[in-house]
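Presented sequentially are two complexes of chain A, the first with chain B as partner and the second with chain C.
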Partner chain A sequence: MTRFKYTIATFLVASLFFVRCGEGGQGSNGALTSNAAERVYVAPGEHDEFYAFISGGFSGQLSVYGLPSGRLFKVIPVFSQDAEKAYGYNEETRPMLNTSHGFIPWDDSHHPDISQTAGELDGRWVFINGNNTPRIAKVDLSLFETTEIIEVPNSAGNHSSAFVTENTEYVVAGTRFSVPIPQRDMPISEYKGNFKGALTFISVDPEDGGMDIKFQLIMPGFDYDLSHPGRGKSHGWFFFTTYNTEEANSLLEVNASQNDKDFIAAVNWKKIEEYVNNGGGTLMPANYAHNVYDESTQMATSTMKKEVRVVNPADVPGAVFLLPTPKSPHGCDVDPSGEYIVGNGKLSADLTVHSFTRMLEAIENEKYDGDAYGIPILSFEDVLAGTVSQPGLGPLHTEFDGEGNAYTTFFISSEVVKWKLGTWEVVDRQPCFYSVGHLMIPGGNSRKPFGKYVVAMNKITKDRYLPTGPEVTQSAQLYDISGDKMELLLDFPTVGEPHYAAGIAADIVKARSKKIFELKDNKHPYGVSTDADVRVERDGKDVHIYMTTIRSHFNPDNIEGVKVGDKVYFHVTNMEQDYDVPHGISMIGANTSELLIMPGQTETFVWEPKQPGVWPFYCTDFCSALHQEMQGYVRVSPANSNTELTWSLGE
Partner chain B sequence: MMFAAALLPLLLFVFPLWKITLEAPQYPTPLGMYIHINDFTDANPHDIKNINLMNHYVGMKYIPDAIPEFKIFPIGIILTSLIGLLIAWKGTYKWYLYWFLMMLLVSSAGLVDFYLWEHDYGHDLDPRAIMKFTNPDGSVMGFQPPFFGTKHILNFTAHSYPQAGAYFLAAGILLGFVAYRMGRRSKHKITA
Partner chain C sequence: MKYPTLLLVLLIMSCGGKEEKKNDGFEMQRKSEPAAAPATTPEPGVNASERVALDNKGVGPVQSVTLDPDVDTGMAAEGEKIYNQMCLACHKIGKRFIGPPPNGILERRTPEWVMNMILNPEVMVKEDPLARDLLMEFNGSPMANQGLTEEQARAVLEYFRTLE
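Right after this comes the complex of A and B.
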């Protein structure tokens, strides 16, 4: 017993010693805590606690990381062609990148947001905006693939997007650049009063996620920067930050920075929805692409839509209000309760927080401070909840931990600042390396954030990693926010330039992740379900090869009778039904990418042989021990030859 | 009791008889196959297809969709159960012993058949097999799964164990014997 007491005493002394050491360590080690490595270490074979979907910015894609490890799992191609996965190259997915301007191989992907049910993340889809040629994409989280892209007409610089309402009723896409609506040839100098900004509400089918533009709100010619939905008490509203309320059309860095206050536009979308459901608004001619990938046929189709419903805010009194907000605000963030609307005035010394309750009161009392093009402006003092005084320089974006704390990035002072909702006091700050843009708390755009980590996404890294010539990586930084003080745990490089991210507890998503495509459900028009159906068919100059792959051969693997000038379609079905056994195929001289075909899937590439000869193709994915043997030949004869069309395997 | 003994083997139509499981590092979820009285089924979707794919490398035949046994065994079980029921209804305890012995014989025949099939499956290899392995003594390596128990075969660990159906069959057979013993005891008691 005595000995036991001694042991306890020794243990306590030791603990105290370690605690003191820990504190000392923190002090001398700057931001980095002593056991950071342990806290981000996910042992081999173990899974991360969170998925992080981090936008690729100018890469046009969406990367999937694990948190807390910062390990990269996949880059989901969304708006840019991806030769690795044949996305935008194969016949099945090329229509995904169709637009009213034709096929576009790239975009600038910005703000992912995860679908919600009752204000909580449901993990079914990620929506993300294409900024340059305005589009909204939907990534299906059972496949981790892009399954729908809708172009947004009347928009330009689709930036205040793609945020979802709390039951995913809508995914919202606001224009950054105002433009003539409809587009027309006119002097740029006549911008003011003539250019308009479209805020687009895209309905989402609750069953299959199908997107459709419900209406476009045609707003004054400001720049609409970012947006967020109301939630809880403010569900039914949507909030957009604006800048360039000066309506300048040149040298915006000066001319759009003159007003002390710009606006947060508050849109009562439920009211407009009701108006539209009762026949309100005008159908105007338009031309925009709607591209849908069908999982059963495994093919995308692109449909051009020819009209869109537009709504003039002046026609729906009480639906749109302007909240004065200093100064050129960037992020527009709503806290988990739905009460506070944070305007991150990037040129302001203070951070402005509006009160939803006070906004409703001011509207009720019709206390307006003028109007802009007929839209009532509320008085700043009437809607203000509070101000975080001098928290840093260049606030961009705020997220919430669900415990009454907010975390704001400051681009210029390069830090994340933690402050308290309600008291507006700053409680902690941590440096970012360097020039942080956005930040993400998993579930941060919902009623129920998972307030354990914050990921800061930095625009500049300079010396933080091994140099790689003039172009160096962008970076994400992971902070533990479970304690009173934020603790920097990890730096990790990102793909492209992340502008935003969305995170979710892995358990919500991973059980739904598909392992294979069932062959029996494969309805691809050129797919085959048994080896008895493999064949080669000629239709004029088109040659269709119905091919299968299974470890470790192509069927057929010898084809003769193809001629110079033919257009040869390789329709390749992967007959495997085992998890993680893709096959690839590539053809010498084909002016396209490889195919990478998942089990049960059919994909198609086109080869136009230019010279007679015998040309090999092979499997590009190391599929099995006999992968190197997985190869075949196509005999190409001169255009005028009479070589019979034959195909075989193992003869 | 004899009724129960005669009926228990019929549960073979509900529960599998045997299961063969193949473990390997790249199969975190092992491949598995249930052997029923009238069918082979996947433990997890597509397992048999994937077992066939693995086995073709060493020249093993595909596991057939159907084998003659799938017709013979069900008839055998139904017949023996019917006989058992008839005995339970009309027969004396001595007949219970005959039924028990018959069932032992029939089951042993089934097991021998299973062993022979396994042996053939593991040894009748395609001479053009992609990979050929030899034993240390130079003979051609066989890939017969274990008849009962666990065995290492190249990169796989194979397990072969009876399943619920087999236990019900065994229980039925044993119960037949118990019925005989009890019948004999009560008979002796009466005569004593």
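Right after this comes the complex of A and C.
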């Protein structure tokens, strides 16, 4: 209890200090160098050196920025509907947001991670987790679009996700909240011993990136906060921070802060994979959605999967160990060599660094300090590599520059602290404005970080930008880390909460970026491959318009014979084959978004006309000099009329 | 101009209900010259699309094309397929549409000019005076670059040779 009081006192003092900093923030720019502007300036027409994929947190999306300029290029819709791009509105992408709970138009996107080959970023895909209704999404970096989402059963608050192993064998999704597995009606007070935490290993097809749940490790009822893969010598292991090892089910801010140490769970996934490949584990009934966007049909399909393989760690001896780590550790970060596992104890005065080599020795010698539900607990002293002593207040996350330095964020003292691996000495610190969460070094979670910059992602900005009412932008800050001292270069506002990010050298990605969809490869069931196939078909009350668009007309643009009560499908194929010539379409009174159709692509929206009349539609994307001429009419007759179904263009 | 349109709209609205009365809209006295006549036509009265320019190879990757006296029917069939997918939305056969029809094009254009117009339309409308006049004749509708390969453009050209 004394320790608890001390912690609270530390918090209070720290927050007073912080508030004062915040309010007096004018002029506190850190040591801003005089040529900072020059170093982030990317001249008109020139390209940035890095892509930064910054999650939108509660926006549910993933934003694409350039570094060092901080310019925003695109917001990729992932877990939230996006009316601008028709994502989650058009018929093609609505299935992407299907779940076992039905259609869900929003989620909380947290941790993007770029696919790797041999421990280095290969720039093929970005994986990202949806926290709230547990899902993992895959964004294809040739399209910059979400092409797959898999729901994670037995999980809740999918937070220690979505991190990939060294060859993208797996993308890993750990539960934050433990829950009854299987879900059932039971008293909440019976949490302890009964609730479980699922750590899910989702295999990734090396060719097409297809995701499939290989197994779920059913762990004790802790909160699994963050995770990272081993790499190099520790490849084959995965590490998860835990808190609430007290297994409290109420007032966690007090009750989950009691234990002196929580754990980092070390999981030998290669061992479990072998066990599963030999028929180990149990198939349990489940219900979860697997949504796949097919690039050739340009449609998403949603399939409900009905079982999942679960593994009890007690059944695979030698596969899971617990490393005591002070105190409610948050970030769980592995250095480029794979030797050091950093536990960022939120409530700890020091940073704890474990040694992978020492961990293996302790396992070899079977030196255990006890067990938790049958999982061996190693001795803290036996696995410790070192501690960074009193580096700041409220450590959250650590990344690496590949030069032997680590950079840790401190939420309460609002700073990035640079320290040396091996000697554990603090060598530099720079303030953040304010309350930094994650930080990102391009490639900082791989064997070969690109280094050069660190991006700090801040929760609070207060006086940093022009005020916009009570809600102000959140923000990222760019520091140059190429010298001995970190230098703040740039603040830039972000979309939603910049929760975490992944960065990569632009050259790796941009060479693979697609320019158009080839018309000849368009296998959309309602697409047309030539203007001769344009038509309108009635099937009961469904009317299908097979429409094309090219600068600067729709074909057909006059349609008659639609009736009140019909369900009208506009299947629109953009016949352009030139880079950056999308067309849009919208219909007066349609209860959905516009379409934004890329060259060679087909998209569909539904319109249910409610009144007789002649109703116009038009192109919504300024496509050409005659964009304003790009319009058409649909005649809607009363339900009982016998107006003939006709269509035309230019007649 | 706006005022009569408004009147017309009001008129139509007031007619609402059953079958519309035949209404041919309003008329304006127009000058007798065709509206499409381009301002820069060197020969007054001749549309750019009708002009004969058999010495103009245009601007682009295609420098020289030799046509065999006999049409290669296989190539022409391939060209027709490509044409139907990539071109038909604007160029109808035997009928002026968004752009001119391709019928008899080689009586007025060189093979090189035709292929350069397909392969390099952005530069053609800037640098080739005839292409620029065509853009004006066809209401400023740009010729879209459909990303054909040189081989595909050649096949389309062969298809054009089969069109009367």
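As a convention for this text, the second predicted complex is superposed on the first by the 621 of 651 C-alpha atoms of A that agree within 3 Å, B and C clash if a C-alpha of one lies under 4 Å from a C-alpha of the other, contacts with A are read in each partner's own complex, and residues count from 1 in each chain.
Basically, a contact is a pair of C-beta atoms (placed from the backbone, for glycine too) under 8 Å apart; a residue touches a chain by one contact, two chains touch by 3 or more.
On a predicted model such as this, the values are computed, not experimentally measured, just so you know.
When both complexes are overlaid on chain A, chain B and chain C end up clashing with each other.
In the superposition on chain A, contact is made by A:R551 with both chain B and chain C. Residue contacts after overlaying the shared chain place A:L626 against chain B and chain C alike. Once the two complexes are laid over each other on the shared chain, residue contacts for A:T494 go to neither chain B nor chain C.
By the touch criterion defined above, A:S529 reaches chain C but does not reach chain B. Set against each other, chain B and chain C touch different numbers of residues in chain A, with C touching more. In the superposed model, A:N268 makes contact with neither chain B nor chain C.
In the superposed model, A:D578 makes contact with both chain B and chain C.
After superposition on chain A, the chain B segment that clashes with chain C is 41-49; the remaining candidates among 5-13, 41-49, 77-85 or 95-103 show no clashing C-alpha atoms.
Taken together, the two structures place residues 516, 550-551, 576-578, 625-626 of chain A in contact with chain B in one case and with chain C in the other. Here chain A touches chain B in the complex through residues 516, 550-551, 576-579, 625-626, going by the rule given at the top.
Put simply, chain B touches chain A in their complex at residues 29, 45-46, 49-50, 53, 57, 130-131. By the touch criterion given at the top, residues 84-86, 88-90, 97-98, 139-142, 144-148 of chain C touch chain A in their complex.
Across the complex, chain A meets chain C through its residues 516, 519-520, 529-532, 548, 550-553, 555, 575-578, 581, 624-626, 650.
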